[in-house]
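These notes open a run of structures that come right after.
Two complexes come next, and they have one chain in common, chain A, joined by chain B in the first and chain C in the second.
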Partner chain A sequence: MKYKLATAALAAVVAAGPAMADLAFSVLSYRTGPYASNGIPLADGQVDYYTLINERDGGINGQKIKVVECETGYNTEKGVECYESTKGEGVLVYNPYSTGMAYQLIPKVTADGIPLHTLGYGRTSAKNGKVFRNVFNYPANYWDGASHAISHILDVNGGDISGKKVALVYHNSAYGKEPIRTLEELAKKHGYELSLLPVDHPGQEQKSQWLQIRREKPDYVLMWGWGVMNQVAIQEAANIRFPMENFIGIWWSGSENDVKPAGDAANGYKALALHNLGSDYPLYDDLQKYVVDAGKASGAGDGVGSVLYNRGLYTAMLSVEAAKTAMEIHGTSEITPAMMRDGMEALVMNEEKMTALGLPNFGPEFEVSCENHGGNGYGAVSQWDAAAGEFKLVTEYVQSDQEVVQPLIDEDSAAFAAENGIESGC
Partner chain B sequence: MPEQLVFATEVFLNGLMAGVLYALVALGFVLIFKASGIFNYAQGVMALFAALTLVGIMEGQVPFAHLINAIFGTEIHHFGWHVPGLVAIILTMVIMVALAWIVNTLIFRHLVNQEPIILFMATIGLAYFLEGFGDIMWGSDIKKLDVGLPQGINLWIDETTFNIFDYGFFIDNLDIVATVVAALLVVALVIFAQYTKQGRAMRAVADDHQAALSVGISLNFIWVMVWSVAGFVALVAGIMWGTKSGVQFSLSLIALKALPVLMLGGFTSIPGAIVGGLVIGVGEKLFEFAIGPLVGGATENWFAYVLALIFLVFRPQGLFGEKIIERV
Partner chain C sequence: MFYREAGDFKTSYSDDSQTFPIKFDRYRYYVVLLVAFAVVPFIINDYWVNAVFLPFLIYAIAAIGLNILVGYCGQVSLGTGGFMAVGAYACYKLMTSFPEISIIIHVILAGGITAGVGVLFGLPSLRIKGFYLAVATLAAQFFLVWLFNRVPWFYNYSASGQISAPERTVLGVPVTGAETQPWAGYLICLVFVFACAIIARNLTRGMAGRKWMAIRDMDIAAEIIGVNPLKAKLSAFAVSSFFIGISGALFFAVYLGAVEVGEVFGITKSFLVLFMVIIGGLGSIFGSFAGAAFLVLLPVLLKNVLVGAMGWPTDLAAHLEFMIVGALIILFLIAEPHGLAQLWRVAKEKLRLWPFPH
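Let's turn to the complex of A and B:
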């Protein structure tokens, strides 16, 4: 009798298994370790958005979202382990938030047929969907970012920067080196002089680089940094009295964490932005009601509206919209990773859609296609207001110089295809 | 003076200052190794923990606030007061002494006379524990540390050197303070180790645990004392580095900067830590200045470790370290 009851109970559990049909979204988080202060808001933003969709809408078209979170500590090996241990749960898309992990996962996701979204990081030439079929890096990439920075410098100089000196302070890693080629090509086009200043990991000691900047007096300094490198660079810039409005960081060097340690001295520092800032959007009212006030927030709720929280939320929003697109394409709400890939490849983000979501003007408009997995390359510039304690967008979203960026993407992706025996095509 | 020589002089001076900051971290390692033969892997995390505690006390932050709020559904984060820097430093030191006592009572008193590798492994565990504990206790957000230390260019040096060389040198006020503090610290530690009863007892313990016990030296007292002093050195290092970059979890990585300093100066010499720090600081900065541009830059870490490796080959005990002779 006991055996029969146990069997019946087991059968009931198996039969009741709607959890099996849940839509699994991965959050490869780093809530611990040296980069935890950045990893926590990134993860919270993603998890809170998924929670909101479940609590407010009952999931995506009736399918609940299951968040599969795995702690990587921002360690590439652990990130790969997380991927291997969670992919069996039917994860629809991975967002590792680490360029190192992205590079390691590209061949794996390609072999496994699972999409990888690297929003504003990872391998830039993955924009070419004819070669990188499972990798997406919309709405913009590092090379777009390099172009956005130079476009901004052109704007503030009336369109002529010939003879100007631009220095790049960068993390001495694959990530930090990404913009160099683009900046060199743009230097040929606009006639500025580029100097390169690598900083060793982790970047706590940058005296040599900033002494060199003080000696050579560049007109502008660009920064591709991460973690403690950003805070030290901004402090050193303040120490040598480099004008903050001429110091521009990539979007990974533009969070509150990066500027607060320098206090008022960081006022005026600029950073590129992939999406809008703050929490003054209708969606955040729902977030407060259904997630934070309901005690279901991933964190303490004190990071809502910060730059990196918004980035995490934006990533999750784009994943959910891609899932909806996949459901429309395939006529089912029970989508697979392969269907999700199709949804990502057909994703259209326009102002009408963002307004309907309660996020008007939150990000640039873009369309994804088989040829273009990276969006239209739009980005903006934000500036730190130390008195208000917030970054504010100071430009509209502008498109990167496609005349320079696109040939570089074609060249690099073609080299990757040749190296890996990939037949390019849609 | 030729322009490049003027620049090199500025780089040299900044190298000295950077070296002092490296030496501050290395000092903590030396103290514990000298007294107990333990290579304390947790020294960098101790600097982080001390700095986190200092900022937490100064800001009136409620320890374990997230944990308390999660369990009891409360919304408490701050006591609502601000503690002056000096008082906060004293309170932090009390906590570091308590930590030293706990570490000794729970871990090292049970490992007396064990192999050095066992003790080393215990400090690895301690490092992981302390990092997680600090996170739970104070949160992992980046905190601004301001105990009133001056920061930014020293105008007097800038103007004076400008009048002499027609180029003003950049020397950070914070680096000058760090140099003065490190000098005072080394003098105090050398006097303590050489001329006080406790200092001599510490050296006796370092030579042989069992022999020291047999002549009536309290191993527990000495180890708690040494870990407390190392905690104080960690606090000083945490203040200096935390003022530069904000207090954050990557502060524990400053230990990476101390390793080549220790290999160069020797694991058992307090002056060696300072000299090693200065040699590494000046060497890496001048190498980056002269050779860096020819090889693409970012040579500093490489230079420091290569120099340390060369020392390992030709003088494994470092410049001032004691030559270890194992009798078989």
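Let's turn to the complex of A and C:
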């Protein structure tokens, strides 16, 4: 807490200086409430990366970053309040880390001309940049995730899963419902049986769902969970002795906080991954030196290198890279949200760039374009090793089944465009 | 000195029984209306509308609705969130099915539909009372949320299960959707609040309100003097649900724009509105406003002071906010169990005698 107060005091001093031309990046965090266990590392990862850029490089091309943090508690009403209260500070991009909030913000950011980045969450069809001009969800989305999970099951079974039973345990909200359409389409293609088991917010009560799983004995269980729901589900799966290697979570259900409460019983649990894990990268040495050891870390500093911390860091890194791209395009270092949007649309992430940043092989390579705001849909599968206390990637990065996913995206975005009278651009 | 009846002569019964019989009070009321209708729309921006005014106005309608049921008729209800959801979903279905009809009519119809649902769930109140009724209405809360999650027809089969408000206009000015100007959203809610408050005020001091209060104070005695408990209780449920339905419809269409039933209209919403009614003052229209203001504005104010002005970390501020609001609620209930409305009454009483108490 002392650190936090010190950081806050420092931030206040920095903000009080010549802050006119600072680049504002928002962190809509949830460090309180039933989703805090996941929200804290996410927020810390973002804030620490921005601090690192300020401390080590003196900002982006000489422009200091101002972090505008607002506590949402994963509540959409507070999220709206946060959006309205922070947009006046010239925030360049919003990352709400909540699908419900993303749905709420899509019309608002479009009207206000501010870009919205939903990394691996949010409205999947926002991938279609022709309709969703201001919304980006690179490098992968939920429907890619659904396809990754099914292709992993296909791999394990030698390519044939007809007649197998797959159950989806999901958070009963926009977030959890997203993959259902894709899983249904994939079920038609591959001939598995899909059963749906919704879990209501916040997800502490899942006895009946797992009783049903025990009775129906599905071959595989997929999970779209978040916050306390993840921990409970993994514990319940352990209680009914469901084979953990057949239990696959989306990338939001695969952090250390989720599996640790179940102890050794969680060993073998699988989760999808959008980016690499661990802290074995040159960038983390700088992070240690300039941020953690200097006492400027957001939070206690113990989350560095955890899955969600890395995700926060990855998000911040992509935002900073997009800002750099925007600066190149417009030839100025004082960019506006509209310029930031152009930068995001022209963002190229390749191996060379990531190595230069000190994050070699950290995430998939992708190029954003006007038509494609969602990257190429690459993802991998990671597995929990309880003895070592870490997730390890067990597959290569593979692309999702674009034959199934792309038509769904086109259909959904066309429906959105028709409903809202949007003429598709590009 | 300022606030007195001396010299304020009434020459008719209608003058005598008006809502604000004291001249000073009446002028204050006119000034508030004038500021609300003619000044505020010109000076508000996005932040003030979305963070302060819209939630305050919409919760005020919900609190008035619940106050009729709990405060005037004495029937405890924990189903407010569910009834607000009925209003929101009814409004959504009407908006998307009949896009050519005015949104104002849709909001009123949504209130009407909620009134019907409210009566249905009010039927148990004829047999059970108190805590048992609270549990029955709790069932309504859970059932309604489950229903809107479960049946895809209610959300037009959208993939995410969310409902989102398309753009609708009043006199050519958009009041829902992202293009809404701050003043437009504010004014539409203000008109509804104004109308609801006037209707509620006049219902509660008329025959209907007296029947409700008779039932609240002692239902057997009320029945003996000729109040029909069936009609009184069900009408209270209908009127209450009508207002709550309107607030739900506005909450969805004007304020949030996109809604997910489990999150927005969950049990916490029911408790929030109930707390507003209790803190504001049971059986008082002014209390509904005061309670809504207290619970909507205080967290925003605390946040702005702690994070904005003092630069504290956001999580610390959020936790402190819970503690301060919680402590204030307890303090209020101990110091003034009849709520903010009673404080206001006492203050007025003192002002009448001031500066010569005796």
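Going forward, the second predicted complex is superposed on the first by the 408 of 426 C-alpha atoms of A that agree within 3 Å, B and C clash if a C-alpha of one lies under 4 Å from a C-alpha of the other, contacts with A are read in each partner's own complex, and residues count from 1 in each chain.
What we mean here is this: contacts are C-beta pairs under 8 Å (C-beta built on N, C-alpha and C of every residue); 3 or more make two chains touch, one makes a residue touch a chain.
Being a predicted model, the structure only gives us computed values, none of them experimental.
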When chain B and chain C are modelled together on chain A, clash or fit: clash
First (chain B), second (chain C), both or neither touched by A:R215: first
Touching partner for A:Q235 - first (chain B), second (chain C), both, neither: first
Partner chain(s) touched by A:C70 [first = chain B, second = chain C, both, neither]: second
Touching partner for A:V348 - first (chain B), second (chain C), both, neither: neither
First, second, both or neither for A:D200, with chain B first and chain C second: both
Chain B versus chain C as contact partner of A:A356, first or second or both or neither: neither
Contacts of A:N172 with chain B and chain C, given as first, second, both or neither: both
First, second, both or neither for A:S85, with chain B first and chain C second: second
Partner chain in contact with A:A294 - chain B first, chain C second, else both or neither: neither
When the two complexes are fitted on chain A, the stretch of chain C hitting chain B, from 3-11, 75-83 or 129-137: 129-137
Overlap of the chain B and chain C footprints on chain A, listed as residue numbers: 31-32, 36, 40, 172, 198, 200-201
Of chain A, residues touching chain B in the complex: 31-37, 40, 172, 196-202, 204-205, 207-208, 211, 214-215, 227-228, 231-232, 235, 238-241, 257, 260-261, 263, 265, 295, 300, 302
Chain A - residues contacting chain C, complex: 1, 4-5, 7-9, 11-12, 29, 31-32, 36, 40, 69-71, 73, 75-77, 80-81, 84-85, 87-88, 99-100, 103-104, 107-108, 110-111, 123, 172-174, 177-178, 180-181, 198, 200-201, 412, 419-420
Residue ranges of chain C touching chain A (in the complex, touch as defined): 46-47, 50-51, 55, 149, 159-162, 164, 166-167, 177-179, 255-258, 260, 262-264, 266, 300, 303-304, 307, 311-319, 322
Chain A contact footprint on chain B (complex, rising order): 7, 10-11, 14, 17-18, 21, 66, 69, 73, 77, 131-132, 135, 140-146, 151-153, 170, 172, 241, 244-246, 248-254, 256-257, 285, 288-289, 292, 296-298, 300-302
